[in-house]
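Each structure below is given as structure tokens.
Note that chain A is present in both complexes that follow, paired respectively with chain B and with chain C.
On to the complex of A and B.
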């Protein structure tokens, strides 16, 4: 199951930032150290040279180098603030500055500190920032590059995040063994090293501590060379992780059987594989001041509503918290109304589902380390949909949808309705049923409400305990527990048998709701309705339904009404409560206002008409010819 | 501060909805005693006997403790009280019935014949005002007393005696041998000038009773033989021409619903048999389905059974000529020949025609007989012709002045029946046993 895998290109974050804040381009504010790069000391190539020099390092680093000037300024814009909040800074502080060691934590925090030309000094600073003496997984390896004369060099990396073989073979071996280069011509070791000695496919030059540290912490190996204030960072990332597994909470019988895992790179690859269009944009943002988690924002350029993308990006970048490590946490920071029970984002562990939503004009969010992606915005109906609805033929999919709505209603209301009926409105129960309810209740010493609460709470207990019961016995024990508990409770006259039936149906109903968050909300709603029914009967249930509907209708998820396309009514392909045949789904959800509303032509099964009707055949042909003629210049 | 106020206001408002909601009738179902049948009888000194049948849920549902068969004593509690009003006695009942009486599951209201002949207005109006009484309760007139009927009712198939009555009434509607009578219907009809009520007639089969009494000390089989030899009640020409309590049957529940009690306003004035009830339903156009038998026109003493239903809605044409009313009714029935004792080839259209004619004359005769009976004996428009007559008037006053109940006995009513038999059952040809020469 565990296979090593290399991570995402680590420069993407920088590229994103340069896209991101183009508005501040005009007011370029160079840092004091910027001039040093513009006018580098002897032996270091000028900025203009870097452009040509960098060709060996892949295409994207090129871009990055040429953009170095303005990019640098943007990188330090307050939007992506690296500076820790004061309190946290104190508790997690880098070592306090001392007079002896000139570069210190404060300097590291200060973005503008660039590397010096003295390798020892650089090494010292980096070691200091990384707490080399006490941090066991920080590795520093010093060596000489056997040029004439020898040049001192060192690599820094974090053990466990890197591929050791790769460092040995692709960095140390060429540098130490075959580096007999004649550098007398240019005296430019750095450039020679980069162009001729580093077979790594992603090599980037970093000129300041912060960037270098950030890279080292993400698993990149940092190469320092004597006499240069540039650190080469070579991608050597590789760590142990889970391989792609089957979905655990969104299983389907028919359809793809792969789920996201904890590695962002492979997750994005899964989506990219299902969306082979250059317009699929994956932007990388950083979230969490301490965790600095990579957060991928996915959308389709030219399709997704740019306002939606902007809003999603705004909420993510304007979220300030120290440690955001899962989409479940991020979700709580970016949702509209945290006090409403209904989930306002859709989480999925299925790449196919994510791709399908992206194709409809939704925005996706993936976090490094989280096997669940977020889809924005969520509507009430999308929470009742499952990927399988589309993989099955339409009557089956439509049937499943109806069953699920029924399950939702049952799961929320059934115990409350039972309570209201037996306590307030016995005349509504068929006589025979009433008599059997009465007969079964005669031996129970508690009022119905207590009975209902006992059973509901036990079910919740079984559910909660079932998750914690280890391994294979978990599910079995849960079922056995439920059965035995129910049977014993009836035998002991604590509850009536009919109530066991009701609670069982209710629990099943909650499980039939495909979205985990929604199922959770239902479980809580159920208790609210039970209380309402116990106090006010059907009147209370009616109040509850009315209030819940009002809240839902009033709710927005990222600017999209929660109940759309039903309330407010908007044009749609009939893919909310019901599911029409796929060839009828001609437009994308209108409430998202995608840039391209049409997803397929009116006649998507074009073969059918051509073959069946001979008379119409010619007409269609004529039409096609007309269209092709028009297209021709 | 603002939020504190807000929360306070919201809390107060929701408290208002809770306290003023008025839904404080919370009772557990096992704290209620469900009355399923109410019986009313005339007592001495203008008093009233109220009989309540309260179902025992444990016995009916067959819970662990119960296990009782169809024994009436176990599945229900029957109590009779004497008093002045129905509702006044409910509280009295709760002095010895340990659960609060609830009428929400009342199925039948049974009224003794004596009380019915005196008039039902005071009791019906007392009941329908009470919120627990459903107007969909069936109304039944018991020959003899209601108490007797309720106590004698011992269902065999059903465990629940009230459900047994409910099923009987529903089944009766299918056969057309009893009318549909709910409290609501009776309430409307007893106030209406245009029609009079027919109420389900119920009775206890006396022969069955004697048989059961014998059963206790004698051998069952012997006793059955005695009954068959001594003969059941005398039979009539049609197999349904009986009123409740007198049908020639033995075994099962001694209680039967058959025929109808005829009312004029709120007073019972007579009884009609099951067969007559069916004719009334033909004339009203409310007949659903039923098996009619006639004597085979080709063979004496052999009978033919036909399953009939309406071919098209009944056509009633009512005309007024001064103070004289003419009513012409055309009943169009269709159906199939489902059984025959004769040996004819009924697929032959000519033979079928003869049978059709025979059937229609029989039914026509029956219809005209019951019309005559209603006009002369009961003086009650049980066919709701008055509702047609009302269409001839333009104002309420005019309708009141018309005084239809007075006019009805003098109306000239003529019913004609058209019958078409569409099917002849599962046989092409009847089995031939007497005509060997024809069959090789």
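On to the complex of A and C.
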């Protein structure tokens, strides 16, 4: 039995929200508006039971019910019920989520409510969905295309998300003033409009409300023409946004000075500019039932492990939440073990870093509105790396990495070691130093643990306040606070000068860790170690280190062991704890199981002595084959 | 066992080296001095050679059953009764090792680091952390061992190197101490000091690259043997023979002698810090092996539900020795002496039975 597509709104007159409890298989979440029209009451076929079929007469998809008896006569006429009664219109809300109407994504994903040929009906429905009466930024402009006879048309867009000039010049002006459509040969106005009158560079035909609404909400202008059940969506997106700026949290001295901003389009362009390969795939997914945020999944086709891509996609699409507006939020939904302090994804604001990771076989995630991208999976070692490591010559890069490991150890353990030494093992401190420490602590009335906690908490307060206080005061507060507070605390004999030095070195160590999330984790770990040292001295610290190592080794990020490639050992170029010369980094990380393991030939500096010697090309070729064979899984 | 993550050969080697050599950090050198007097290091060489032969026997048994570990292979070779007796023997060895190590390391920590903290607290912390590690699984423990491998290597080499000024290698003479024959007999009878090599047989099914198990075992024995010989030799050179019999914590006492100028002295605490981590890895490995054997004996799908009971048992048994000398005596005079019979001779018997059975089967055909 053929069910005309316009029958869908009719179902909404029999809404039973409590029945709508089916879970989305694909995991994509949709608005209650969509889910409501999918669960009709008993006797009326569900939208999910309607198959899209292509009739031989045309290419327009039609729908047919699969669970209705073939000879049963329908009791309702969709055409009659097309105009929604007021009562039903109220429940036909796009924006009022109901707790009883869980997302019903898959059905809607497969089947959509198609447009009508009647422009008034289409306008009415779209206006209703967009709450035109009360939404001040929804603009509807009706006009006639000057043909003989005139054709009624309308555009819909969201004010503020579009370029007004572009609409005037590239849509309204051609359609209203210079539309000399030749109607004698063909009556296909739509095609003529699309081909001859819309100079916009992106014009897409949409045949259903969902697609049209999503386009409108993303800043696209929707053009409706009388007599056509197709909406033309013309890209007119333009809004105020921050320009591309310098990185604020991943600064480098040498290397690119561009950072992501809040506009997905420009962020993707920044990456695309650095990866000029057709194999760079950017898949757009939607996250958030209300926010419907564009989420871009980036990977290199033919290089990145497809299982990793699938897993990333699966986690993103299976995330059901109403409002996801930043990668920091998305990260918390897709990470493996939320209760482990260690960050399990790598966030970056640098397009060059994102591109470099993509080239290694990682997967990238960008979110519209977020100036930070996510790189999956993260390993412990990657959190200690900086983009600058590669821009500097290898000895400097390797040196910086060693310094960072030292910084990490100091940031986590230094106050705990100081505490353990002074409280439990003073014999280990050289006599002169011990006398100096004792003399400086002579007037301090507190035990060392209290002293340490006072200073650590003060530093945390200064740091947090420095971030929250706006403008110039914020940046100066850190220095002023640290100096004055430290000096005053020492003068007041609340803390000893040696502890100020210890805490300052610890803070510097934490700042030297290049990953913001990792630095955060370190701050919390430090307090745990301080408590362990206070209770059990070096023994407690050692037990803590052992447990932390265990947790890290046991941790996975998107199926990849967190401590890879060290434990478990996997083949990799020397680019984890140290950094070897770039020409020695011949293979990609094996723990990612990339489809192409070889990054460069065994001898990449081919201009060197090998080039000038005879028969060396064969040797180079042999070497290339050797490395390829060696690295086969 | 089937649910456990597989580990690579490198992880297995690292774990086995830890398993074999961490006992250096407790009273092992002193007991070797008792065995071999000035030639304590030769006893270790002989013991390790014997253990290597024993390991090859274990390998021969496992190779007959390519899909089984040592527990399953023992049951298959010796039937349910003998197989289970063998498995209980293996379990007893590893459980006793776990318990005694907990006690001995706790005593060391108590002496070296926390003299005023109750022993039960130190033991409790050891047990909680190590059994949590066992709960995380073999992959986590072996991975940590691999990360910690440079740690123990550097520590041992540094320790021996820094003790060179205090060493007098003249005191290792007479070279063969009580006589070569005595050394050989004592070395063979103490092959149990490397009995932990059976660990590889227990985790055979968890090895990614089972065919490399034999080479992994041989490498582990060689490296651990080198560490032990080197450290015992240094110990014998630092503490002359009569004195070497009376040092309760040889590793700790040795490290207290390190003197690197006026500023850097008394750095034994830094070494103890690293030893605690090594001890945790060792206890976690032996605890894991013990519960994995029980899991195999009873064919349980997972060993994890057993862990709380095992932790309580280990804690209780670890408190049983009245003092540290008694714990050491049990460890070296009973477990390490008769352990060789259990971990090497028992598989030999099972191997012979298995061969006889296959011969008989072939004759019948």
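As a convention for this text, the second predicted complex is superposed on the first by the 497 of 633 C-alpha atoms of A that agree within 3 Å, B and C clash if a C-alpha of one lies under 4 Å from a C-alpha of the other, contacts with A are read in each partner's own complex, and residues count from 1 in each chain.
The criterion applied here is as follows: a contact is a pair of C-beta atoms (placed from the backbone, for glycine too) under 8 Å apart; a residue touches a chain by one contact, two chains touch by 3 or more.
Bear in mind that the values here come from a model prediction, so they are computed numbers and not experimental data.
Touch criterion met: A:566 reaches chain C, while chain B stays clear of it. Of the two partner chains placed by the overlay, only chain B lies in contact with A:436; chain C stays clear of it. Look at A:464: by the touch rule set out above, it reaches neither chain B nor chain C.
In the superposition on chain A, A:424 makes contact with both chain B and chain C. Contact with both chain B and chain C is seen for A:536 once the two complexes are overlaid on the shared chain.
Once chain A of one complex is fitted onto chain A of the other, the partner contacts of A:447 are limited to chain B, with no touch recorded for chain C.
Touched by chain B in one complex and by chain C in the other are residues 424, 427, 432, 536-540, 543 of chain A. Chain A meets chain C in the complex at residues 424-425, 427-428, 430, 432, 536-543, 545-547, 549-551, 553-554, 561, 563, 566-569.
The part of chain B that touches chain A in the complex is made up of residues 17-18, 21, 23, 25-30, 32, 34, 36, 55, 57-58, 60-63, 65-66, 102, 104-105, 107, 134, 160, 162-163. Those residues of chain A lying in contact with chain B across their complex are 422-424, 426-427, 431-432, 434-444, 447-448, 534-540, 543. Chain contact summary for the complex, chain C toward chain A: residues 7-8, 10-11, 109, 113-114, 117, 122, 125-126, 129, 132-133, 136-137, 139-144, 146-148, 262-270, 272-274, 276-277, 280-281, 284.
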